[in-house]
Amino acid sequence: MNFFDRFFERRSRDLAHRTSRRGMLTRFGALLVGGAAVPLLPVARAQSDQPAQPVDEGDSTSCDYWRYCAIDGFLCSCCGGTVNTCPPGTEMSPITWIGTCENPGDGRKYVISYNDCCGKSSCGACLCMRDEGDRPPYRADKTNDVNWCLGTKSATYHCSTAIVLGVAFDR
Amino acid sequence: MNFFDRFFERRSRDLAHRTSRRGMLTRFGALLVGGAAVPLLPVARAQSDQPAQPVDEGDSTSCDYWRYCAIDGFLCSCCGGTVNTCPPGTEMSPITWIGTCENPGDGRKYVISYNDCCGKSSCGACLCMRDEGDRPPYRADKTNDVNWCLGTKSATYHCSTAIVLGVAFDR
Amino acid sequence: MPQFRTVFLIASSFITSQVCAQDAPPALAPEPLGIIETLPAQYPENWFIVHDASFFHMSDGKVYILDVTAKTLGEQFKGMFNSSLIGNLAQSPARGEIYSTETFHTRGQRGDRIDLLTIWDSATLSPVGEVMLPKGKRFMGIPQRNAVTLINDGKWLAIANFSPATSATIVDLDSREILSEVGTPGCVMTYPTGPRGFSALCPDGRFFSTQLAEDGSVAQQERSEVFFDSDTTPIFDRAATIDGIAYFPSFAGLIHPVDLRGAVASVGEAWPMATGEEAAENWAPSGVAIIDKDDLGRFYLLMHSGAADGTHGGGGPEVWVFDPATKSRVQRIALQSWGLSIAVSRGSEPLLLVTNPEAMSLEVYDARSGEFQQTITGFGQETPLLATGAQ
Amino acid sequence: MPQFRTVFLIASSFITSQVCAQDAPPALAPEPLGIIETLPAQYPENWFIVHDASFFHMSDGKVYILDVTAKTLGEQFKGMFNSSLIGNLAQSPARGEIYSTETFHTRGQRGDRIDLLTIWDSATLSPVGEVMLPKGKRFMGIPQRNAVTLINDGKWLAIANFSPATSATIVDLDSREILSEVGTPGCVMTYPTGPRGFSALCPDGRFFSTQLAEDGSVAQQERSEVFFDSDTTPIFDRAATIDGIAYFPSFAGLIHPVDLRGAVASVGEAWPMATGEEAAENWAPSGVAIIDKDDLGRFYLLMHSGAADGTHGGGGPEVWVFDPATKSRVQRIALQSWGLSIAVSRGSEPLLLVTNPEAMSLEVYDARSGEFQQTITGFGQETPLLATGAQ
């Protein structure tokens, strides 16, 4: 089963990945997990007046794609969805865990939201586990060990997206 | 998966098995399928006054075991049951298909009832398909292509038994 | 979707207005949340609807929509929906709907049972309706092309029942209500027949044909002549229908043409699939989905040699293609590996899809040249044993 | 069972009073129908309860009861029951019951949701009771030994909630009713603590301990001192508890002893698993069920070298055995193949069970000698990642 090949792919890959996972992100962990609201800060937007185009390279159906640094699940890109949309007939989970991944195309770190798509059973395609910065459930903001089909009509997990929310604080 | 190894085991085995499957059994097919009641005839019993013991050799967890000549399913003998009993917490289907298998231990043909055990999901162990004398669902008395968890509380199929009902007519 | 404020609240606190080197490209824009993909209401001819009844996890059966000409899994996998406890399917491209019989228990594998017809929207792969079926009756077995069929010009669905008492439930697809339950004593499946009816196959070796009135009640029921012996000369209950003639293969390798255009099934003269040396080698059909047809007027059979009692379900190494007009084989395709089920796509450039039982992968062939195209696997499949060319 | 008359009616018509040669042995007697096997209420020490959450078919999770010393599958496979949507389990040998949290939808994967605690009889593997849980709260994730735990001398069950708001639901096992829901803001899991309470693990690197009154209401809640940083020095939420001391491994390979005998978790001084060269090789725990203990006072960890960010879940090639009294490793077991989860049986002759991710088979070792015994596979498993020594 490719499920277990993945485990080994993953191990070798992980040993190669050493991007630090620290930074602003985690300072808010306790607050977040405590359920406290946190202030709404401005979200980075691409400067559309620049002639140059944003760079986002890589195969979004490959576990090695940069946005998947903290993922653990089936890639919606292989399930009838895309890297940031859900497959037909599923429902996107409104709450999820966050990763900070570096885009090799522009050297920036981005905050990635791994919203699960729910309401159909496991897609079963392109299982990908990278776990960089993953923590046990006591760090709800950084854990991929739980089924994030929370706040959805159905609790059934289908696949995971990797959606750019914005540029993370640089350190 | 051993599921598919089985297919190939089965094919080779089948080519070796050529026991005729005809006889009284089938004459009643139409009647039975038509739902008509058929007369209750005396059932053969072992003559307990004979000193000799009945002979029933073979490994009931092996697909080659003589009673499984017409089976298609998971062997209850591998699922916490036995060749003629259901695993804990399941329910035995009251109606089922019938096979006629020859016992190499005494050279007799026996009528075998393949009652399914129901109420838990597929056991998954010891899948065995032999299909000798199997017919499509238009021969309800001889078809293993249907889920025989009929008349049970749950329609969920778990495994199949192979129960001796008696000696079949010899031809 | 207001609920998505949550994730912004969480995430936005970690986000900064960007500060970056002059020479760097602009940053990626934040992306919207909550977007769900859709499909066309009618599917392209190179798509298949693949039913995986998941024999090791039957309450979690899956139906995949696959583009078998695409080169990557991401492009091949168009979507899926679930079908619980070995359902049976039918598609209506005209209505943009896919129909699936299902069975549920209130506690998963246990508890109270309900039987349903679920109506899926082809474009959104969402359930848009359901019809409660009589409890414990609908045919539940190895998935079958003729257990749920469109009749009456696609206005009705005929659902085969087997409890093991046999009948058919007639559903009106406009009102999504049951019109009637038609008794077919001892005879099973629903092969569309005549203007407004179906035939069922009987243990005494003939068909039982029913024509229905406009309200779904029985207008006429008649048996065909006996044409096989279910003990000595059994036929398969699976057929390919071309221009109203259904071609039923027998265990022994004969083709029985059955005219289903009239009110009563009319059985024609049988002809052999194998002749000469091949006949001596006992070539005969074997497998699960053993037969399908294309839109060029040809039908396909999964074949094995050395046919004997009990070998009719194990699959085979070749696919034979026949032209019913000439009653002759027009093609012989040697499969790359063993086949357990076959399906053929619609249109003028048909594709042959073969389920390989060793890996449970799907192998794609050009149905005209017989040339192998590619293998499709790794989509989470367990036992994908009944594919159908999408429409 | 009167319903069995049916099958006799069908079958008896094909049965004759025997006529056979003089020298033939007597015929086999007709066998009774409808017999169901049972198991002992308390399980032998060489049995395991193996939870297979079936990650590809999660509504059809399976819990297997296996005798891992038996030599054939028929003797190994004692029985199974289902657990729907990644449940969590606990066993009470005293009550002869196994508890399982489950989630169901009225239409399988869709429809209205209910969350349940199902109570299984250990001997009959039948559901003997259920407790409706608050909807959408119970912890649903990678199966965990500390999400459903027996507290208050085995009279109550403490069920961890994560929605992601965190709390614990307290169930009385005599009345099979919910006593209370205890808030554990931001802190998760239910590690049994003190005479009548539990501790949860918090993001700020400490425990939140609760003692309950006889009616299940909160009597006392107190936080332990901070002993780790969840960013820089995270610990696993999985521990082995021996004589009331829970041993929590850290990502970096330290052991944190935590005394759970009092009303409040009390954290002792951490000590390293690896020293010298092994420390330089970055040996650390990794996998799903990474830790367990035996009844000889030793605990076991699944270990890998070259630990780095993101490698804590992939499993490892060795199991290390520690004696907490001497804070030293007493054994190093090199596994035949990669391990993803481990479990140890009860009693004086402990067995080590390892889940091999390549085949999803279970490998049995003598836990004292480290000697490989046998591989258990082919029982229909998909992802059997959390085993527990049966009682």
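Each chain gets a letter, A, B, C and D, in the order it is written, and its residues are counted from 1.
We take it that a residue touches a chain if its C-beta (ideal position, glycine included) is under 8 Å from a C-beta of that chain, and two chains touch if they have at least 3 such contacts.
Predicted model only: the values in this text are computed from it and were never measured.
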(message) Considering only chains that satisfy the touch condition with subunit B, which of them also satisfy it with subunit C?
(response) D
(message) Need the CA-centroid distance for the pair subunit A / subunit C, whole Å please.
(response) 36
(message) Using Cα averages as centroids, what's the distance between subunit A and subunit B in whole Å?
(response) 51
(message) Just the number, please: Cα centre separation of subunit A and subunit D in whole Å.
(response) 29
(request) Two or more other chains in contact with one residue: find those residues in subunit D. (result) 56-60, 82, 109-110, 380
(message) Show the residues in subunit A shared as contacts by 2 or more other chains, in ascending order.
(response) 95, 120-122, 124
(request) Could you please write down every pair of chains that are in touch? (result) A-C, A-D, B-C, B-D, C-D
(message) Applying the document's contact rule, which stretches of subunit D touch subunit A when the two form their complex?
(response) 55-59, 85-86, 103, 105, 109-111, 113, 136, 139-142, 162-166, 185-189, 200-204, 230-232, 234-237, 304, 306, 308-315, 338, 340, 357-360, 383
(message) Could you list, by residue number, the parts of subunit D that touch subunit C in their complex?
(response) 54, 56-60, 82, 84, 102, 104, 106-110, 116, 118, 127, 380, 382
(message) List the residues on subunit B that touch subunit D in their complex, please.
(response) 2, 23-25, 28, 32, 37-48, 50, 52-56, 60-61, 74, 77-82, 84-92, 94-96, 98, 100, 103, 105-108, 110-111, 113, 115, 117, 120-126, 141, 151, 163-170
(request) Please name which positions on subunit B make contact with subunit C in the complex. (result) 1, 3-4, 7-8, 10-11, 14-15, 17-22, 26, 29-30, 33-35, 69, 72, 95, 119-122, 124, 129-140, 143, 145-147, 150, 153-157
(message) Under the stated contact criterion, what part of subunit D meets subunit B in this complex?
(response) 1, 3-4, 6-20, 24-39, 60, 62, 65, 72-74, 77-82, 120, 123-126, 378-381
